[in-house]
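Report on the following structure.
All chains are identified by letter, namely A, B, C and D, in their written order; residue positions are counted from 1 within each chain.
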């Protein structure tokens, strides 16, 4: 089936954080693309840099973080914006944030400003980018609330965040993100703070948006179950690098990178045999300051060879669109060094 | 037990490292300790007896023999400042510590038992807080009279409310914690739960509050002595030395009589406040 | 909701009575006898009639009778007469209140603008020069004793430069209100600086606290300009705790600062308090204390009101 | 560029505002703003009589000379004393009128004396004389509605006393007469706080033109004054924080003080001349010896201990150090410069060895700490007391020095929690100083007991006017004084008048600033 248009093309993205006196390299050359009508899932243990990736793309890094390399290209029907060159809070970047790229965050309970009405917080995004009368704006918000399944939208837009449940709040967050009908929706662990039933409703909503309005979605999660159900493409991250990327069936049926395989084995899957024990991965994720050369997963990898320790590990395309960054696959077609 | 030991010290170690990194706080700690020691060992530092009257060199500007000059009675200002430090610091530290202790105990009782006790204690703290501080102090001075111990009494009577509030709030939130239920389940007595389990958690805000109180009480002792209501006049304290500066004539001509004591008070209070702030940042988990 | 506030307002009355009782009893233990204060010790004025005056003023009656009589008078609007000065306290206060009010108001305005202004600025520009400068000013402001700062101001501006008068409020030849503005400058500055310092630290801390919240990230994700993020989202939430501190400063409009008024010989309420306490002139002490206590209680009532108005969570919960 | 223009403008504004004051053609007097002075009303003259504006606003029956030894006529034209010295016949002048035009009459005199007897706040020199008027006791207790011994017919006032009072005329020279028609409804007990004092009406050379409570009062010549017309058009009394900056700013022309720091400053100001005045303003130690029923305070009961104190403290050095040129050491109630001074009185020069020896003789308990107290707030007094404490320490006496918490009168005579207390006395005559030894003094009996050794001589002094007789009585009193040493005399404090002679021409003759005397103000003029 034909793949959607590439909306976001991230190449060799590098980000550094200043913590106290030392300067840690968090993202070490991350590349991926987001396509219209498709969901790209970025998975990995917490602290592997998935959140930092999307924050770097949106140029929302905190004061002590900064982009140190790579390109972020955003294609908006014919025009290409080089996001990595824009002033983070400048006029041009702000015209994209919220208008062209919507974002949902992890903890809905804290993501809404407690002192403003819910409707006003959604309207703020809309009126920032479009010249609309108050009445027209209100109509669109009510319509958005209805489509998101929030009951009695006309009344609820006048309520305050503390009068909403967790699930409802996340729906408001989605409303905020989608009100300007952006092309790309980035969801940073949208359902982690919610219980399972609400989780399913939210994911189903996002799937509907993607399908009906041909949106591109980037889903940040560590829940492999979610990835299997909703993602079209998967990127597995470890220590600031994408170690394996590919279509979701390929990744699940032919996990190639030792870390991906270990990751899948340590996750309970429905048809898992009763007797099989879940596996854990040896050791713990090293601190970014320690590992400088070679593969960061080396000393936790069962297939570790001397080559893993030194030099640059390049990415190999073992099958169409299925990349793995591991010396085991040296034979395969090597992609240009990122 | 050894394992537990290492963990504890590393916590203190880590806090100490954080404190060291905060340059201002370190400066505060060093300066205040230096001044405290200078006051304690005053008799080694300055040859002069602070109350020795010497009409031959009255009101001399600063010179090599008298680093901070001499006052109208020929007494060496530098030694007055050092010996004065003893009383001022003693009164403030003891007042603040006692105030915090009372605050912790009452806070613990009010927070733990709640109900009637809590209501009464909160009401009294409100009554004390409603009084304008200076007014309360003035009336207490009239009530109790002047004197070092009276001043300490006044300080901790007007200072227990903040620690009381802090500890009470801490207790209200910790009381519902599961580990408190566990202690109860094990049949540990209320008192030991209060003093061994909950109170240690409140030490960090209390330490901060105490440091800030010490700084405030130094100022208050100086203010009271300036109004002539502080420690008895013949006892050298930083406030009493400044008392001479009430007359415009002294302000005009004998600048060293008020500049040096004023600077010393400001530097010590500044140091105490920096140390207090530093302590708050170090012990505050969020930072 | 309204019921809650009425109840809170009514709770002020018993609290005031309690405070008046405590102060009334405390004063009786003072070693100072206001009647003797009338007779200057250097004059051999040991007139037997002083005791008759004590009797006339009813000072020999037992405490509770005097308290009830005092309370009765006050409730009828008669604030009584100063024992030492003989003047009616309501007139005394009416004369002195404007003096205290004007410098306290000026100080409040100075401290609010600079306190909150610098506080927000140093929170936004954290760990830059502005932040360090703001923090240093903050700590120095609360560390320097008020009277020492006052003396420095007098020495520099009045004596060295001679621009401003040494102290006092109204001097001869002053016709309009504007004439005594130069006299106001130094006291308001001295009072204002120490208040600015405390407010600055609060504004900065509550701003920093708010800026770590997630809804700031949400606001930024909408692409709205930075200043809007700071003012509309951050400051709006930091406003609550800052206003609480401000509300507790209002009583200084009534009570004035005893220290500043002593250093600058400013004829305000603070001066009466000091004079009243040193001569144990109980009617004066009672009225000034009750005035300030009422202001404090109203201030704490205002705090609840502010918190409710500013924070919807509280408004609807009660 | 823009920024410093603003700063410049602000500076100019300040300078202009600072000098908005234009010096009016007037004589400027000064009241310190500390304490309750002038907050709501002007001070009445029945305690402190000496302020210039009170002297010029209120007249007494007679007008003393600056040395307070002779009197000339004022409201009264003449007086006659009967041979037994008990009956005074005083003839009032016709001319004098109150500032509201009503004439000053004998009734005003009767009213004033009766009110003074019942007033709460009045100087004891007045009650000292008026309490001897026949029928005074009944009048005070309320038995009679008027004073039987004081009658007036037409413009002649007759005053009958129950005993001879030497300084009666001099005291009448101080006693300010009050307007009966304006004060008759005021309860004498509340005389000092009457609303009359917010706009007082006097009978003197000047009248009150404007009073701004807490800030200033303006006096102008009284057009219908029956004496010589003054040349100074206006007198302005201002409440200010500091006399020195006021003098520098040209807002002060006449000021008197005995504060050393003010004196050294005022002497530096150009155009000001100082006129020192010797007055009986005593500084002395009162000792808590025994209470009214004779129970002694062991630490101080033995006279040798009190003598030791006099030797142990170097009062001469303290005088030169703390009160240069102001304090004159005294050894008895009579200053050494007076003729009546007892030449062979014991002059206690600083002699710590003698002090230690006396203390040993009196087996003084050195373990006990002596309580030293004082009630003055100025820094020089604090320094004085700390110095005294140090001298006593050198002879082994431990001391605890504190300012009285309460008011002086309560602490000195009722609470009595002290051994030695520094006291001051601004005496009109020797009657006040020696009156403190008499057993009729309700305050001092509490600390000296009621032995009455002095009563005979004190009453004699009170009764005689003749200078030679008084000198002999004073000699006896001084001997008694040294024998019992109930009080430790230290200094008399000179007072210094400062006049802005560059602007004001005065007679150059000044008297005791606490009392009424003839300034010859009509000869004063502004240059």
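Basically, contacts are C-beta pairs under 8 Å (C-beta built on N, C-alpha and C of every residue); 3 or more make two chains touch, one makes a residue touch a chain.
Since this is a predicted model, take the numbers as computed values, not measurements.
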item	value
By mean Cα position, the chain sitting nearest the middle	C
Chain centre separation in whole Å, for subunit D relative to subunit B (CA means)	46
Whole-Å separation of chain centres (CA-atom averages), subunit A against subunit C	54
Subunit B and subunit C: spacing of chain centres that average the CA atoms, whole Å	23
Geometric centre distance via CA averages, subunit D-subunit A, whole Å	92
Multi-partner residues of subunit C (at least 2 other chains)	30-32, 166, 280
Contacts with two or more other chains, residues of subunit A listed in rising order	none
Shared interface positions of subunit B, touching two or more other chains	142, 145, 248, 252
All pairs of touching chains, each written as two labels joined by a dash	A-C, B-C, B-D, C-D
Complex contact set, residues of subunit B against subunit D	51-53, 55, 58, 72-74, 142, 145-146, 228, 232-234, 243-244, 246-250, 252-253
Complex contact set, residues of subunit D against subunit B	241-242, 244-245, 261-262, 264-265, 317, 320-322, 377-380, 382-383, 385-387, 389-390, 400-403, 405
Complex contact set, residues of subunit C against subunit A	126-127, 213-215, 217-226, 233, 236-237, 310-313, 316
Touch list for subunit C against partner subunit B, complex	15, 18-19, 22-23, 26-27, 29-32, 135, 139-140, 142-148, 151-152, 154-155, 159, 166, 212, 251, 255, 257-259, 262, 273-274, 277-278, 280, 285, 288-289, 292-293, 296-297, 300
Subunit C partner contacts - residues on subunit B that touch it in the complex	24, 126-127, 129-132, 134-135, 138-143, 145, 215, 219, 222-223, 226-227, 229, 242, 245, 248, 251-252, 255, 258, 262, 265-266, 269-270, 273-274, 277, 286
